[in-house]
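Here it is, the structure in full.
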Amino acid sequence: MTTTTETAGGIQVVKPTVASHTRDYFARIRGGDLGTLPAVLGLLVLVLIFGTARSETFLSALNFANLFNQSAQIVFIAMGLVFVLLLGEIDLSAGFASGVCGAVMAILLTTHGLPWYVAIPAAMVTGVVIGLVLGVLVAKLGIPSFVVTLAAFLGFQGVLLTLLEGGKNISITDEFVKALNNGTLSVRDSWLFAIVGVGGFAAAQLLRWRGRVSRNLIAEPLGIVAARIAGVALLAFSATYVLTLERAVNKAITSLKGTPIVVPIIVVFLVIWTFVLARTTYGRHVYAVGGNAEAARRAGIPVDRIRISVFVICSFMASIGGILVVSRQSSVDPNTGGSNILLYSVGAAVIGGTSLFGGKGKVIYAVIGGAVIIVIENGMTLLGLNSGVKFIFTGLVLLAAASVDALARRRAAATGS
Amino acid sequence: MTTTTETAGGIQVVKPTVASHTRDYFARIRGGDLGTLPAVLGLLVLVLIFGTARSETFLSALNFANLFNQSAQIVFIAMGLVFVLLLGEIDLSAGFASGVCGAVMAILLTTHGLPWYVAIPAAMVTGVVIGLVLGVLVAKLGIPSFVVTLAAFLGFQGVLLTLLEGGKNISITDEFVKALNNGTLSVRDSWLFAIVGVGGFAAAQLLRWRGRVSRNLIAEPLGIVAARIAGVALLAFSATYVLTLERAVNKAITSLKGTPIVVPIIVVFLVIWTFVLARTTYGRHVYAVGGNAEAARRAGIPVDRIRISVFVICSFMASIGGILVVSRQSSVDPNTGGSNILLYSVGAAVIGGTSLFGGKGKVIYAVIGGAVIIVIENGMTLLGLNSGVKFIFTGLVLLAAASVDALARRRAAATGS
Amino acid sequence: ACGTDDGGDTGTDTGTKSSAGKVGVILPDTKSSARWATADFKYLTEAFKAAGVEADIQNAEGDKTRFTTIADGMIASGVKVLVIVNLDSGTGKAVLEKAKTAGIATIDYDRLTLGGGANYYVSFDNTEVGKLQGQGLVDCLTEKKATKPVVSYLNGSPTDNNATLFKQGYDSVLKPKFDAGEYVKGPDQDVPDWDNAQGGTIFEQQLTSNKNIAGVLAANDGLGNAAIQVLKKNKLNGKVPVTGQDATVQGLQNILAGDQCMTVYKAIKKEADAAAELAIALAKQETPSTATKTVVDPESKAEVKSVLLTPQSITAANVKDVVTDGFVTKEELCTADFAEACTKAGI
Amino acid sequence: MAATPLLELRGIDKSFGPVQVLHDVGLSVYPGEVTALVGDNGAGKSTLVKCISGIYSIDAGTVTFEGREVSVHNPRDAAALGIEVVYQDLALCDNLDIVQNMFLGREKKRGIVLDEATMEEMAGETLRSLSVRTVKSLRQLVSSLSGGQRQTVAIAKAVLWNSRVVILDEPTAALGVAQTAQVLELVRRLADNGLGVVLISHNMNDVFAVSDRIAALYLGRMAAEVKAADVTHSQVVELITGGRSGNLGLPPERPSDFIDITPGEVKK
Amino acid sequence: MAATPLLELRGIDKSFGPVQVLHDVGLSVYPGEVTALVGDNGAGKSTLVKCISGIYSIDAGTVTFEGREVSVHNPRDAAALGIEVVYQDLALCDNLDIVQNMFLGREKKRGIVLDEATMEEMAGETLRSLSVRTVKSLRQLVSSLSGGQRQTVAIAKAVLWNSRVVILDEPTAALGVAQTAQVLELVRRLADNGLGVVLISHNMNDVFAVSDRIAALYLGRMAAEVKAADVTHSQVVELITGGRSGNLGLPPERPSDFIDITPGEVKK
């Protein structure tokens, strides 16, 4: 009836078919193993709400494009935080670290008149150095990361104030930097990017599939792989279609179309870090230390070094977040990276499905969670409520989005897995 | 050579002597089992630093008394947070919850002209209701507490704004409320409080000791118990001595002496919650759920109810923090409970020795950690540095205080316990 | 208690569709001062409603990211005029540029965006505000016949450009006195976020380290009140003059009680009306005629057409002006505790 | 012995997501008897125990206690019925000490205050009866206990109460020679006192030493429930490893959803 | 057999805070031999193992490896020497799957990319050799494995590498009949290949079945190190429970710091 197949060292297993695979998928869903599904559902619900309430504006091409620029800082900080959270640590200073790095860039550009290709790397290096210091304090001195990064949160706020000489703000004029989080690709490049991206994804998926089949290991049925590729292609191409529509407010004055430049930047980092976490030894060790640090230590993994490295990655990603927010605001001020940026970023990672206790999370979670947060922000401001009510609503909507997730996952607990 | 004694069901053990007990204590210290010692050490180091830098002011009786008023809000929120942290949960909304409760009190007092004995309980009830809602969302819906309380953090900010009609400050004039965190006990009452407090402590310690000895259970040697009582007495009496010195800024105008009223308030809550955690079934269950929720569930502990209860306690304590801060400012504004209050409170609990992963912590930790935080704030402000430098220094000093702790605890890891 | 007043209502899209296009207004925060949520919001809403012009008025809650996001949303929803109170010149400038490329007319409200190039500027003179504060303190100290008084500064948020301007103003009055040895300069500290609770602690420490403080230059009424509470604890209230700004109910009450020396009243209704008038004209694509003055943008050196209003110093003697102006009502000000003082002040 | 079982399971199914772990399992536990539950690693013994005690919800099937059908949704329900379990994964609170763990959920009180003295005495007595020789103090945290000491604490915890059914999932796995003997004696004593006892073990000597009945699980199916006296050592081992022995056990034709994943065997 | 021990401990002391757990312990492990380390619950066996593998630092004493004195500060040092350990508390990463756990810290790579296919194949082969029959997939998370399955993964993980010394702390405690047999066979095979093997077990049958030497710990002291052929079952049990048997074992007079906390025995 069922076809079994011998694989890996002779353990016999059932060879999955598209039907059995689909059946298993739904059994898993019913069993509560949901991945990003709930966060995606939450996102859909939000889009539905705001789309109904403010259909002409929220669903406009212009607003869609804006979402990417608006989310850049949070998404980058959240992607970095995923690494720190994977170890069960926290980085409260990531927000202000992004501000400090942004300020370093702005000062080099404006005050010192250096070109962008000096200023941007300098900001990134600043991020790396910050991460190194935090990581060493946590890993080598053993101070809880909450305390270290709380101290850094205060310290960086001071550094930012000092860099900005007590409260000035520094504007930047460099067109390259400003384009990063304001500019768009040409329509041709937008399509090119979509096609190359989807092509790359398809190639990676198919190669992996072929690799397993040729080694006689259990592989997903080809149909499932194809469906997944088709899904990604559909998403990418329809997004590109919308983004290449004319969206200028005043078409007489200017034309505005094409994928925001920040989109490929996000995608590149998403791909790199996903690869690092899923396909390299380093990534494996990050999960291991987060899952059971003692087991990792016994397996000979250099736990301290891993611990330091995640802080480096986090602050590095924060530096890019800082560069992008300075680009968007064309300026840096003592509050860049302050306010709710940090809480929102951690929230993004957690809503996406990253555990605060370590061992569970993916970089894509940060992107999806970031999307949830930004859609709420964006939609709420379109509603034009007054401050008090807006805060309350934002809280409620966030809660609603999270409950979709929680209720979906609750089945998991009930069935005991 | 050594005297053994049969105890509890016939398990034979060595009867401890003062000498063996002291030896064991130092062995434990060397082994890294330090309790609050590191935080206390950190505190001493801070007092030394600021005492040297600003001896006439930092070490003055006036400043000593100020410390208590300044720390009240953070200490209360931190005491409540200890319960939430004991379960490995977090409450990001505790700061603004204290603001909302404070505002409820202020509005009832000022806008509605109600007496303090209506307004204060109303604020407390508000705290309880808030905690109930948060707890139910976390425990019953299973939304991660980070997300629930992030939503609440936003929501309460909005509630506060709405209560204050968009941003007004509401002043209170009720003398009773204002006295809570501004007034002092008379010199006689100050001594009375110290004597009753120390007497109570001594009685509790001795009764417990006698109880164990009479049941033939292992008990600490009487010398140790006596030494502990003497230590507490010394501390309480010398503090009372300093607090009953004249400390008026301008002695010609007024006289100011006596223990701040907020001291007995803190002590009462400290004693109550310490008792609850250490000596009641409920407290035991809180530790159990925090240590291993699954084991607790299997032992028949109503885990959900415990989870809800800690949020109730936390928000309740936040409400008292709110009452006290409104008392101190004699007014409430949209930022009451905002800014760094929350991070400082969590920091206080963590510096004191509470684990963010649950299962480890005591209420006294919040008080000691709160003292560390406030001494830093207080001392830094006395130095009169400019903002940027002050932030940086605050961060560094916090880090220094935490490293004393970390370095002391490091031995623990080295010897493997 | 929750506002059934105008300020507290939801849905701020006012007015019916008229020939005029929609106007967007972005206010900065609610923390720095109560004015944004209580006064500006109210008066602007009323002004647009009266003119039948649709307006979308939002507050950025001190968050620059949100400030930009709100601007994006307003541009996307097709406003014809954008009125902003920047959180800082940098973000302000980015928003103004974006609006300009979208063909939207712009107005700087209350705070000038340096190098921003808005079409118009409506404000009070912030340095002038500081000068009034400085002068007010000098007057009170003179009245108390203080000799060589120690004056402490409780400045606004280091991240608020207005705070810098206020300080420039009061420094211009007080520094000469320090230099001349008439006054002694005491502690000088900023209060992050204009946070009142923190302001209280900072002032308490100032007083602990310098027991002779005889005058407090507090940058606004909230901070002034924080200082007054500390003074009260030490029974020094009324003896040490404290300044303020914004003519809040709390501040005015403190003045009536004799605990606060003065506040600065900015007739926000006039400011709001002026801005609304300008915006409505622009939305109707008319050329406004009210902006008769000009201000030179110190960064771009460009001249910006402006409406500049003058702030007014308020002491116990003229508290009633604020009530007469309708900025605060007699009911909110003259509660039981202050009824007597009100009568004395002629309200 | 007694005609009606104290605890009876019928048709229990349990899946984790797409993986079905228990198929139509039945089990009867009689008062005054020790029922040994045996089966290979991964056969589903621990899963069955957790279904009984309400840690897992069951997908299908019924649980009857003293002839009444009951539904057990969580461990509290099980405890209320008088079912006490020693789990294979011991589930102790590492941050609590020995006494605290032993009385967890059933603390002794005087008024509202915990009666530590009484608990300490009782804990000491119970541990002594289990041949515990090496704990340094009853106030030692369980995180610092050796493997065998932890297991003893878990066992002591379960037998402190007056229960009707005691289920022990591999209770002697980590125990020393003397301690194992004590636990087996305890198991027998419990049954002799009229309790229903379920003992899971991989040690055939222990199984035959104390049990009255033997139930063998094979790949999530109940292969056989027999009297211990009616079978031999090697028959039980065959039941465990192959699911059948002679005319005992599962029918030779395999159910249609049955997938043999035995490594290296014949492939279809 | 071989004259010089592969691994030799001398005078090991270890305390946790005020509690001294190991007193002047010595142990020799010879290549090609299985040394059984026995002792009562809480005797200090696991602590000794963790001292060898660098998880705990020792307070006093020396460790000699192939005649060279070495200092092992952490598990990496031990692994570098070729010492591989199966811990009693298995120490697996619950959030990783079987293959990932088995290759943890020694992943196979192609370039910088993990070579999942090769690892999966090797893991499958190793598990098959250990009679694992019931895992549904090599990609199952270890958190969802049964007790015995987890133990098998831990064992498989330790024997995948070419090591010089393998230490197994109660490796068969949770295993079924067939799996236990396989592991014992594996233990013997490892020794026959010239490795030094240390086996900790409470099961005397297993101990005598495979070991060449027996070392008995009693209350943290090494009571005796003997050839397995020279002693009987009951002698070993006496060494375990009393620290001495005839002229073997600890001297009858107890060391001055020795505290007998045996419950219910004679009190001084």
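A, B, C, D and E are the chain letters, set down in written order, and residue numbers restart from 1 in every chain.
The working rule: a contact is a pair of C-beta atoms (placed from the backbone, for glycine too) under 8 Å apart; a residue touches a chain by one contact, two chains touch by 3 or more.
Predicted, not measured: the structure shown is a model, and the values here were computed from it.
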item	value
Far-end chain from chain E, centres as C-alpha averages	C
Higher-contact pair (C-beta pairs counted), B-C versus A-E	B-C
For chain B paired with chain C, centre-to-centre distance based on mean C-alpha positions, whole Å	38
Distance between the centres, which are taken as Cα means, of chain E and chain B, whole angstrom	46
Chain B and chain D: spacing of chain centres that average the CA atoms, whole Å	44
Sequence positions of chain B contacting 2 or more other chains	9-11, 13, 161-162, 166-167, 386-388, 417
In chain E, residues with contacts to at least two other chains	16, 55, 124, 127-128, 132, 135-136, 144, 261-264
For chain C, residues contacting two or more additional chains	3, 7-8, 30, 37, 41, 158
Complex contact set, residues of chain D against chain B	53, 55, 74-76, 79, 85, 87, 91-96, 100, 104-107, 109, 112-114, 117, 120-128, 132, 135-139, 144
Chain A residues within the chain E interface of the complex	7-11, 13, 211-212, 215, 217-218, 279-281, 284-285, 287-288, 290-292, 294-302, 359-360, 417
Residues of chain C defined as touching chain A within the complex	3, 7-13, 30, 37, 41, 56-59, 61-66, 68-70, 72-73, 75-78, 87-91, 93-94, 97, 101-104, 115, 158-161, 163-164
Contact footprint of chain A on chain B as seen in their complex	88, 90, 92, 137, 141-144, 146-148, 150-162, 166-167, 340, 343, 346-347, 350-351, 356-357, 386-396, 398-399, 402-403, 405-407, 409-410, 413
Contacting residues of chain A [partner chain C, same complex]	54, 56-57, 60, 62-63, 66, 69-70, 73, 161, 166-167, 169-171, 248-250, 252-254, 325, 328-336, 339-341, 377-378, 381-382, 384-391
